[in-house]
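One chain, subunit A, links the two complexes that follow: it is found with subunit B in the first and with subunit C in the second.
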Partner chain A sequence: MKRTILAIALVCAAAIAFAQTPERPPIKIGFMVPLSGANAQNGRDILNGFLLLLEEAGYQAGGRRIQLIVEDDEGIPAVGLTKARKLVERDQVHMMGGPLLASSAYAIAPYIHAQQIPMVYPVASGDDLTQRRRSKWIVRTGYTSSQPNHPFGEYAYHTLGHRRIATIALDYAFGWESVGGFERTFLEQGGQITKKLWVPLSVHDFAPYLAQVSRDLDAVYVLFIGRTALQFLRQYQEYGLKDRVPVIGMGTTTDEHVLPAMGDEAIGVTTALHYSGALDTPANRTFSAAYRARFKRVPSYYSESMYSGGKWLLTAIEALKGNVENRDVLLDAIRQAQPTGLPRGPVTIDEYGNPVENIYVRRVERVNGVLQNTVIATLPNVSQFWKYNPVDYLKQPLYAR
Partner chain B sequence: MTYLITQTLNGLFSAALLFLIASGLTLAFGVMKIVNIAHGSFYMLGVYIAYTVILRTQSLLLGAAAAIVVVSALGFVMQRFFLRRFGNDPLAQMMMTMGFALLFRDATLMIWGGDPFTLQYPGWLRGSMEAGDVVFPYYRLFVIVVAALVGVALWAINEKTLLGARLRATVDDPEMASAMGINVTLLSGLVFAAGAGLAAFGGVMGGPILGGYAGLDFDLLPLAFVVVIVGGMGSLKGAFVGSLVVGMIDNYGKALVPELSYFTLFAPMILVLALKPTGLYGRA
Partner chain C sequence: MGARRLTLLVVLALLVIAAPFVLSSYWVGLLTEVAILAILAMSLDVLLGYTGLPSLGHASLFGVAAYAVALLSTRYGMNFWTCVFAGLVVGTLASAVIGLIVSHVRDVYFLMITLAIGMVLWGLSYRWIPVTGGDNGLSGIPSLEVHAGLPFAGPTAFYYVTLVVFALSAGAMVLLVRSPFGLTLRGIRENEGRMKSLGFNTWLHCYLSFIVSGFFASVAGVMWAYYNGFVSPTYLDLTASSELFLMVTLGGPATLVGPVLGAGMIVLLKNVMSAYTARWLLILGTVYIVAILTAPKGVWNLGSRRSA
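Entry: the complex of A and B
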C-alpha cells in the first residue's frame, strides 16, 4: 500500500514537473539589412541597436526564448526580396524587422502584405510606405522623409529668420520628399526658394554646384548622407562659403554615423531629425552609455532605430504572453504596443502605421573636443501629415522633383 | 566671367584626377590588352593605405609613398601569378580582374569597416586663393600641378628613354618585340604595377577632397573608362586629352544642366565611338 501511494505520488510529481516546463519552441524574428556593399556600416548600426536590446532582454520575452535570424540584403532590392522569401518560407519567422533602404522597403512590401507577416520598418523613410501605398502589416517605427522637414520649414522661417534659401540635395526620392516637405511649409510662411539643385548619387566633386551658390542667400538647405555629407561639408568650407552662407538641412547630413569623421567644417550646421545622439534625457543617456560600452561607437539614429523598433516587437510579445502564432492578433498587439523609455522620447503610432514623435532641431557643436548634435529646439508630437488633414493630404501627389 | 573662370578651374581639377587614374588604365591596356575592372580598386586601396599610414605618421608624403609601393606590388603579383596565365584571352582576364575587384571590395570592408573618411590637407595647402569673386582652394591647384608633372614625366619616359622605346615597341607588336630580345613578360608586369601605383597615387591626391568610403572603387571606374575610350585605348596622349575633355564637359554639364549630368558625361563617349571607334588617338 505504502509503495503504491509512493508510486502514485512520484508519477504525479513527475507529471506536474513535466507540465511546468512546457518548453515552447522559440519565437523567430527575421531581420534584414545590408551588411555588405556601400551601406554595410549603416546596416551594421541598425543591427547593433537590435542586438543591444535583445541582450538586455536576455533573448526572452513573454516567457519564450527569442531566436534572431539575420540576413544581408546587400542594399539591393532583388536580393532583399529573395532574403525575405527565405525568412518567411524556409525559416518560418513569426515577425520581421528591417530594411535600411527605401528601395528595398518598397520591393518587399507587396510580398510582406501577401504573406501577412507583421513587420517593423525602423529606418526606410519613403513617404508612401505609410501613405498612399501602405500595408496594414507594415508598422513603421522610424519616420517619413518629409516628417522632420514640415516643422523645420516653419522653424527656419520664424526662428532662424531665413527668407531666401537655395537647396542642394541628392537626386532621388529621399531628397525629393525631404526638400518637398521643407519647401511646402517654408513657402507657406512666405519664404522664397531661389534655386533647387539636384545632385546625382554618384557625385564626389561638388565644385560645379558650389559655384552656383549665391553669396547673398540667407541659408542653403542641404540633404546628404554618409560619404556625400562628409565630402559636401568639407568642400563647402574649401570654397569659402561656410563663413558666408549658413548650412541648414536634413538630419542625416550630420548624423552620428558620419559626424566623427568630420572636422570644424560641420560646426554650426543646423538640421532636423527625430533623434540626436546628444539628446539629454535619462533614457538616451542610458542607451548611449550602453551602446558605447558594447560597440565602442557613438550611437547614430540608425543605432537607435531598431533598439526602439525592437521594443514594439518585444512589448507585443509580452502582452500576448508569448502566444504569437495568430498573426492578426500579433499585428494588433504590435500596433497597440506603447513601449516607453525610448531613447528618442515619446512615440505613438498613427492609424496609418507611422510614428507621431518629437522632431529635434540640432546644431553641431564641439563639446569636450568631440562634435555632437546639440538639441536647440524640440518640436513635439509631429505627425507625418503635419498640421494638414490626412485625407486631403493623401489626395495630393507624392513630393517629387 | 567669374563663373567661367571658377568652373574652368574646377574642370581642370577633375581632369587632373581623371588623368592620374586613366593613365594607368590605358597603359595596361596598351601593353597587355587587359580591360582592368580592378583599376578602381587600386585607387580605393591607395586611399585606405594612405589613411592608415597618415593616422600614424601625420605625413601625406609618407602615406602616398606607402600607397604607391603596396598597391604597385599588389598589381605586380596580380599580373605575374594570375592574369599572365590567361595570356591571350582578354575575356578571361577581364573576368579575373572583376573577381579581384570584388575581393578587394570585401577585404576593404573587413579591414577598415564601412565608415567614410577624408584625409587631412597638408598644413601649407589649407585655405583658398581669392581673386575678386573667384575662389579656388590651394589644394586643388596643387593637384592640377602635380598631375601635369606626372603627365610630363610619363611623356618623357615614353618618348625619351630606352624603356619607353621598348614599351612602344611592345604596344605595337608584342611578338616582334619579343623576338627582338625585349622581355615582354617582365615589361608587362612592370607596366601593370606602375598603372596600379598611379591609380593609388590618384587616390591619395583625391583623398583630402573625395576621401575613402565603401563603394568608391566602382564609382570612379566608369569615369576612367569614359576617359580612356574617348582618348583611345592604349594611348597616353589620348588619356591626357580625354581627361581634359571629360573633366570639362562633366563639370560644365553639371553646372549648366544638372538634371542631365549622366547624359553630358556619356554623350561625348557615344559621339566619339560613332565617329571614330578607336577613340581620338587610338589605333585600330
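Entry: the complex of A and C
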C-alpha cells in the first residue's frame, strides 16, 4: 500500500514537472543613445518612445519576456563602440537599437557587421549607412538625410513657387547631405541657389550669417536642431527678415523637441520630414495621447522613431514565436516584418535596408494657443533614391559641402 | 620606489598577464583600452609631469597618427608595417613641427598655445572632408591580427600585442626619465633659470621632450586606430585632451605609474558605473572632487611624503 501511494505521488510529481515547461530566458535587446552631453534630450526622447512601446507590449513578445539594456553612448563614437562591445560581449544581447548620431552609427557599423547582431537604426540618418557603406545586419527604420529633401526641392519649386533661395545650415554631415539633396532636385527643376552658408555647431550669434541674406530672395532654406533652431528663428525675426523672406527647411528645425519653447517667430516656417506630432491619423492620435499621458511631453520625431523602430523588432519576435537564437533567421524576420499602425504612416523597407515612406510638408501654426507642425502636403512612398536609378545614384559621390 | 610598491607592481603585472584566462572578452577589451590610453597618459606625463609643460592639445598628436593609419590602410591599402611606420613618423613629425612653435613658452602660455593648435588640428580633421571623411570619420581599418598576418585573432591576441607594446613603451619612458636627459628635464621644471646658467640649452631640452612625448602619443594613436577600426574627429577634440590631462593629474604626475593608474581608474569607473546607474556622471564627478581634496598630488603619490 505504502509503495503504491509513493508511486502515485512520484507520477503526479513528474506530471506536474512536465506540464510546467521551463520558462525560457528573456530576450535581451541592447539599446544605446546619448543620455548625457549636448544631445541628451533627443536621446531621452528616443528612449521614451521605446519604453512606451515595450510597456504597451508588457515587456513580452512571442511568449518570451523582454529585457531591455540601455547604455549611454555620450554622443562620442569611440564610447559608442565600447558600449556596443559591452552589450554584445558582456550582456549577450540578441538584437540592438540605436544610436542617435551618424558619426556613432558609422563607428559601430563594422563591429555590428562582424559580430552579426541584427540592429535597427531609428534615427542616425547618414546617407551612406544604407547606401555605399551598408551592412545587411543593419536595418534603418528612420530615414536618410537627403530623403525628405529630394521631394521637398521639387515641392519648393512647383508648389511654393520659389526660384531663388539661399541656404543656411549646420556645418556637419547631416547639414551637407540634407542641403545636397534639396539642392539637387531644386536645381534640376530650374531653381537657383544663390548662396550656401555653413554655421559651426558651436554658433552663438547668427548676425554674420543673417547679414548675408539678401532681401530679394524667394526663401531661405535652413537646417538647425535644438538650441540653434531656437536662437536662429528668434534672431531671424529680430533682423526683420521674417516678413520679407520666408523660411523653409529641414524638419528638425521646428521638430517638437524644440517647438514648445518657440514663440511667434516660428509661425509659417515650412519644413519636410517623415513625421509630424500633429499628423492627423488615428494611429498618431493614439500614440500622441499615450505619449503625453506617460511622459508629459509632446512626442517629437525622435520619440516616434524608436516607438516605430521597436515594432520591427517585436513583430519579428512574434513571427518567430520568440525563437530568436538563430541570428540569420532573426535578421530575415526583421527585414520581412511589416509592422502596421505606425504613427508616421505606412512604411516598407527597401532591399538596401532603408524605409520607403511618406514625407510630410509641415507648416508651423498656432492651434488652440499651441504651436504645431500642421501637415499641408503628403508626398507618398518616397525612397532614399527618390526617382533616380539606385545603381546610377550610388555611383555618384556622397553629398558634401 | 619602496619595496612595497615594487611588489604591488609585480603582482599587478602577473594579474594583467593572467587576465584573459579569467575574464570575458568584454573585460579584456576594456583592459586593452586601459593599456592603450595608459601609453598616451604616460607620454603626456613626460611633458606635464617631468618637464612641467602642461599641454591641452596632446590628444591631437595621438589623433594625427591614428588618421595616418586609417588613411593608408583604407584608402591606399598599404601593408601593416607601412601603416604603423607612417603613423609613427607622421605623429612624430607633427610634434616636431608644433614643438618648434610651442617650446618657447611656459606655463599658462604653453597651455593656451597647445590648446589652440589642438583645436586647429581638430578643425582640420573635421573640415578636410575629402581626406578625413569629416564628422563621419573613416571606418573599415582592418583588424591588427589580420593586417599583420598574425596566426592568432580576437580580443585576447590584440590584448597581448597591446601589452607588449605597452611594456616596451613604458620601459623606454622609465629609462628616459631616469637618464641624465630626464634629470635635466626635471631641473628645468624646478628652476629653468638655474639650469640655463649651468649651461643647459633648456629650449632644446623642452623641444626634444615634446618630440619624445609626441612619439609615444603616436604609438598609442596607432594602437587605438587598430583597436577601434575607425577614426573620428572626437579623437582630437578638447574633451579628449582634457580627459587625458585628468588621467595624469588624478593618477599622479611625474611618476609614470600614476598616469597608468589614472587611465585605468577613469576607463573602468566610466564603464562599470554606467552599466549600473544612469547617474554615473555624478559619481565620477564626486570621485574627481574627493581625489583633488584628499590626494592633490595624485593617487599614486598618496603614500609618499615628497612627490617624484
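Going forward, the second predicted complex is superposed on the first by the 383 of 401 C-alpha atoms of A that agree within 3 Å, B and C clash if a C-alpha of one lies under 4 Å from a C-alpha of the other, contacts with A are read in each partner's own complex, and residues count from 1 in each chain.
Quick note on the criterion: contacts are C-beta pairs under 8 Å (C-beta built on N, C-alpha and C of every residue); 3 or more make two chains touch, one makes a residue touch a chain.
Quantities reported herein were computed from a predicted structural model and do not represent experimental measurements.
In the superposition on chain A, A:202 makes contact with subunit B only, not with subunit C. In the overlay built on the shared chain, the residue A:231 is in contact with subunit B alone; subunit C does not reach it. Of the two partner chains placed by the overlay, only subunit C lies in contact with A:109; subunit B stays clear of it. In the superposition on chain A, A:44 contacts subunit B only, with no contact to subunit C. Residue contacts after overlaying the shared chain place A:211 against subunit B, while subunit C stays out of touching range. With both structures placed on the common chain, the touch criterion links A:239 to subunit B but leaves subunit C unconnected.
When the two structures are aligned on the shared chain, A:285 is found in touch with neither subunit B nor subunit C.
In the superposed model, A:81 lies in contact with subunit C only, and not with subunit B. Of the two partner chains placed by superposition, subunit B and subunit C are both touched by A:36.
The residues of subunit A shared by its contacts with subunit B and with subunit C are 36, 171.
Every residue of subunit B that touches subunit A in the complex is listed here, in rising order: 3, 6-7, 10, 13-14, 106, 109, 113-118, 128, 130, 135, 137, 139-140, 206, 208-211, 213-216, 219-220, 251-252, 254-255, 258-259, 261-262. Residue ranges of subunit A in contact with subunit C, taken from their complex: 35-36, 70-72, 76-78, 81-83, 85-86, 89-90, 102-103, 106-107, 109-111, 126, 128, 133, 171-173, 176, 400-401.
Only residues 24-27, 29-30, 33, 126-127, 129-130, 134-137, 139-140, 155, 228-230, 232, 234-235, 239, 271, 274-275, 278, 280-281 of subunit C touch subunit A when the two sit together in their complex.
The touching residues of subunit A, when paired with subunit B in their complex, are 36-42, 44, 171, 197-200, 202-205, 207-209, 211-212, 226-227, 230-231, 234-235, 238-240, 257-258, 260-261.
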